[in-house]
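These notes concern the structure reproduced below.
Chain lettering (A, B, C, D and E) follows the sequence in which the chains are written, and residue indices restart at 1 in each chain.
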Amino acid sequence: MSGIEIHHDDVSLDAPTLVEGLPGVGLVGKLATDHLAETFDMVHYADVHCEGLPPVATYQSGDHDLTTPVRLYADAERDLLALRSDVPVTPPAALEFAECLSAWADGDEVTPIYLSGIGRERDDGTTPGLYGIATGDADDSLAAVGIEAPDESGLVSGPTGALLSHAVRTGTTALGLIVESTPQFPDPRAAAHLLQSGIGPLLGVEIPVDELTDSAEEIRRAKRRLARQMQEAEETSSQARPLGMYQ
Amino acid sequence: MSGIEIHHDDVSLDAPTLVEGLPGVGLVGKLATDHLAETFDMVHYADVHCEGLPPVATYQSGDHDLTTPVRLYADAERDLLALRSDVPVTPPAALEFAECLSAWADGDEVTPIYLSGIGRERDDGTTPGLYGIATGDADDSLAAVGIEAPDESGLVSGPTGALLSHAVRTGTTALGLIVESTPQFPDPRAAAHLLQSGIGPLLGVEIPVDELTDSAEEIRRAKRRLARQMQEAEETSSQARPLGMYQ
Amino acid sequence: MSGIEIHHDDVSLDAPTLVEGLPGVGLVGKLATDHLAETFDMVHYADVHCEGLPPVATYQSGDHDLTTPVRLYADAERDLLALRSDVPVTPPAALEFAECLSAWADGDEVTPIYLSGIGRERDDGTTPGLYGIATGDADDSLAAVGIEAPDESGLVSGPTGALLSHAVRTGTTALGLIVESTPQFPDPRAAAHLLQSGIGPLLGVEIPVDELTDSAEEIRRAKRRLARQMQEAEETSSQARPLGMYQ
Amino acid sequence: MSGIEIHHDDVSLDAPTLVEGLPGVGLVGKLATDHLAETFDMVHYADVHCEGLPPVATYQSGDHDLTTPVRLYADAERDLLALRSDVPVTPPAALEFAECLSAWADGDEVTPIYLSGIGRERDDGTTPGLYGIATGDADDSLAAVGIEAPDESGLVSGPTGALLSHAVRTGTTALGLIVESTPQFPDPRAAAHLLQSGIGPLLGVEIPVDELTDSAEEIRRAKRRLARQMQEAEETSSQARPLGMYQ
Amino acid sequence: MSGIEIHHDDVSLDAPTLVEGLPGVGLVGKLATDHLAETFDMVHYADVHCEGLPPVATYQSGDHDLTTPVRLYADAERDLLALRSDVPVTPPAALEFAECLSAWADGDEVTPIYLSGIGRERDDGTTPGLYGIATGDADDSLAAVGIEAPDESGLVSGPTGALLSHAVRTGTTALGLIVESTPQFPDPRAAAHLLQSGIGPLLGVEIPVDELTDSAEEIRRAKRRLARQMQEAEETSSQARPLGMYQ
């Protein structure tokens, strides 16, 4: 039962782009990917069953149906996949996902865009820096839309680092976007910038982000609570927990 | 010797419902299930031997006979099973139980009702919220008796989360009930509400709960002591320990 | 080399009773079993080599010869075995001992009496409560000599709990005795009561216990020191250590 | 995918010398090796994929391309290899690298120079002590260029210790250089001395070190920050991080 | 490469005695064995490669050559082996050494003398107690030279305990010496007594110990520093370290 279990065989995708939204610094990847899935009304396309993911079940407001905590959403029109997670993911579980994804994509091509924050304080109203990284020939795509290379050397760690490391090791093509974000708190404005100046141009689509920037303070508060809760997701005492409003 | 060992081959069950009572938030699942087993005078039907369960032995007041700490009780008349535990159960041990249960039920059908609290303070006299979750087609059963879907998104963790996660992964049918309960202390009133408005309607039976609500304070005190003791159930120094009066 | 290594093939036992004295609450099991072995002048019958036992060597006062820290002593006349340990034993090591014992006893029958304290403060001069538990048909033996069932529900954990759990799982016959004992300190008086009102009647022999009750304070002090030392029995810096006088 | 993956088959090396720069006391090995690679304009020759290395991806300033955190650089003209790492390396991962290196070098001969600091405070302007150690016949090379043996007995631990231990065990030839360095902080002056009086003479080349000594304070500050960051290189929250200017 | 690697095939030994000097309480075994090797000018006979030994490399003052941290020294004239270690050894690594030793000795016989301190404060000028323990028939050797049995029961733990435990389990012949030593600090006087009244008589040789007793304070200070350093022998940051003067 380990692997990617597709629920919608009727969704047809052609060399899709995968936007990854695992929890990380400033929650920028998760905020951006969740927003993308909501905005484009993407369908719950597949469940992700990987070794190392916490054995929990997730439910949505107003719905009896249970789902896995890590899921793929799809938008057939835009040939787009979004990887969403309700739980923290360890690097080994991320590596296994990368293996699953390879096995599943196989003949077909999936180009992943991996997302990471880089902790940096910034003044109000300042645009956070945005940098592109890549494996294989994917640097051409970055150059084509004018996403700059990093202005200093660095490394990406955590689950996103594991996914990028997997791409380096296997020689597969992957894109990465790094956005400056406030290290301590969820940073919806950085996520909005990531969508508008990074993901949007790469996908060749306009992504409205007003909702993210207008309710930045509200989201920040709600997500901060969520972040705390996510750190306690595996214990011996069963309990249900709310996931916060921007799920 | 791992698996489910049946002691009463003479008990005949037909597509029974299994009510799960593993320890969790507010002890609501355990309180409800133990109460159910006492009230319906269910018989000790089977022992549960799973890897990961603590190697301890349990005894009942006034009886020399030793039993396993995790047991199934049966009520042939109502086609009912109750999963009771005298010890905390880890998510991996819960997963193994789910495997055992599948192997054992096999041809026959067992519909499980998994129980979880969700921590929320409430005023005296307020009825705690109760929500239903499900896998497969089980949401129909919830709708049929008017149990609402959760009013915000969330996740279930711990052993009950593992059981629900197993149902999601294997595509088997399972019901879940989430009741609001005080997070720090045992909450007999929440357990009573779970029985009256959740388990009772699903089973189509009346369940008297006066004993739970009348002695709420007493139960709460006794169980609080038990909860503390249960956290120390595996150590190198042998000892016997009382289990508290509502066993 | 794992297993039970017999040194005295000339000792002939017929369906013997095994009294277990692994360290536990109040040290009652160890105190009682050590006293039994001394009083009946039992011979060092076998060494116990089980995975999980600490790799240490034990010596006796006035003797050059080294022994294993866990040993079986025998009394052919009374068809009696005593399991003695100079070190703490983990539940997994106890389980392995139970496996060894089964393999070794095999055709022949060994009836074990497992011993556990249950922590309870008591006034000076009060007789501690004593309760019997059993698997298989062994409850008849308890009833025959008037040992009461526990007066409240409970569980036995630690190595003795593991041994009882093994008996429950495998459906083999075992007896257990639970005596109330002071939880913090060694309790020679509880051990004496265990011998006089529990082990003695079950074996059908008189066991003099004056030495235990007369020197209770002295033993308590000596054993308390021992108990502290036993908690440090596996480290990387070699050292020898005294075991205290009632070894 | 475990092993050494060569990117430049066109680089031809004949019995090359390998200078190892894994992080250690005073960062002397890393500072010296990174400086060597920059000064001689060595090319990124191979990626090192070993079990036990953190699954992270590294990027360079002004470049979109991602690389592995541990890499080999080559200088065909001087028959020189440099082992550079952006992350801390555990002894087991170092041992695996030694295995990979053996398998890879095979018929061809690679002579490694392993580098270690030895913590010792020194006054400003004092030249730090430098000592040579060796396995096989490599002590001749040390004597030939006048590098002294250690003036007191000692041991080398950490990843460099593991590499030297591997050479001792397998009976392969290896050189080691130990330089006195300030234990708490990066010590560019010790690294400069290591290059000028140790690595340079062994390689038979002049290595300009002005950059290291002139900017010692600046490097020290930058690297101290890096050292802190490197200790947190594996976590569940993804993030990108700068690597500091002397990468 | 695991096992005992002999460097001097020309050293001929006939049923040798092995004196073990692994670090332990009061460092008595190490002090005595190191002194023995220095005094009798024993040759570095073999390297010990066992799983579980820290992967570090050791060097001697004034010598470029690297060695393993655990080594055997030999004295062909006296048919003597000394086991010396520059690092702490865990009980599992000691057990593996015992296995290696058995495999290696095989047909030939090696009689080990294992050494342990037993912590006990004593007044200046008092002779520390010395006791002999044994497996197999080795107690005859102790009696023959008048080494007393312990005056109270006890156990030996740590690596020396593991070696003695291995001898008990396998039924092989081994001698042990226990000397009272100050628990907190290195105790050269206890080591001297161990050599003069224990090891010397058993070997039938005179061992001059003036150096140990005359420089007791100096050794104590130097070794205390060493003891501290030895506790940090495996880490991820490489470094060299002095081993102290009595290596």
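Keep in mind that, in the parts below, contacts are C-beta pairs under 8 Å (C-beta built on N, C-alpha and C of every residue); 3 or more make two chains touch, one makes a residue touch a chain.
Because the structure is a prediction, the values reported are computed rather than measured.
Colleague: Moving only to chains each one touches, count the minimum steps from subunit B until you reach subunit D.
Modeller: 2
Colleague: Could you report, rounded to a multiple of 5°, the rotation needed to superpose subunit A's C-alpha atoms on subunit E?
Modeller: Rotating subunit A by 145 degrees superposes it on subunit E.
Colleague: Using Cα averages as centroids, what's the distance between subunit A and subunit B in whole Å?
Modeller: 36
Colleague: List the centre-to-centre spacing of subunit C and subunit D in whole Å, with centres computed as mean CA coordinates.
Modeller: 58
Colleague: Viewed as a graph of touching chains, is the assembly arranged as a line, ring, star, complete set, or other?
Modeller: Shape = ring; chains linked end to end, path closes on itself.
Colleague: Put in order round the ring, from subunit D and then through subunit E, what are the chains?
Modeller: D, E, C, B, A
Colleague: Under the definition above, what is the set of subunit B residues touching subunit C in their complex?
Modeller: Interface residues on subunit B, with respect to subunit C: 1, 47, 49, 54-69, 86-87, 232-245, 247.
Colleague: Quick check on the complex: what are the subunit E residues that touch subunit C?
Modeller: Touch list, subunit E to subunit C: 22-25, 29, 88-92, 95, 116-119, 132-135, 138-139, 142-143, 149-162, 164-170, 176, 178, 183.
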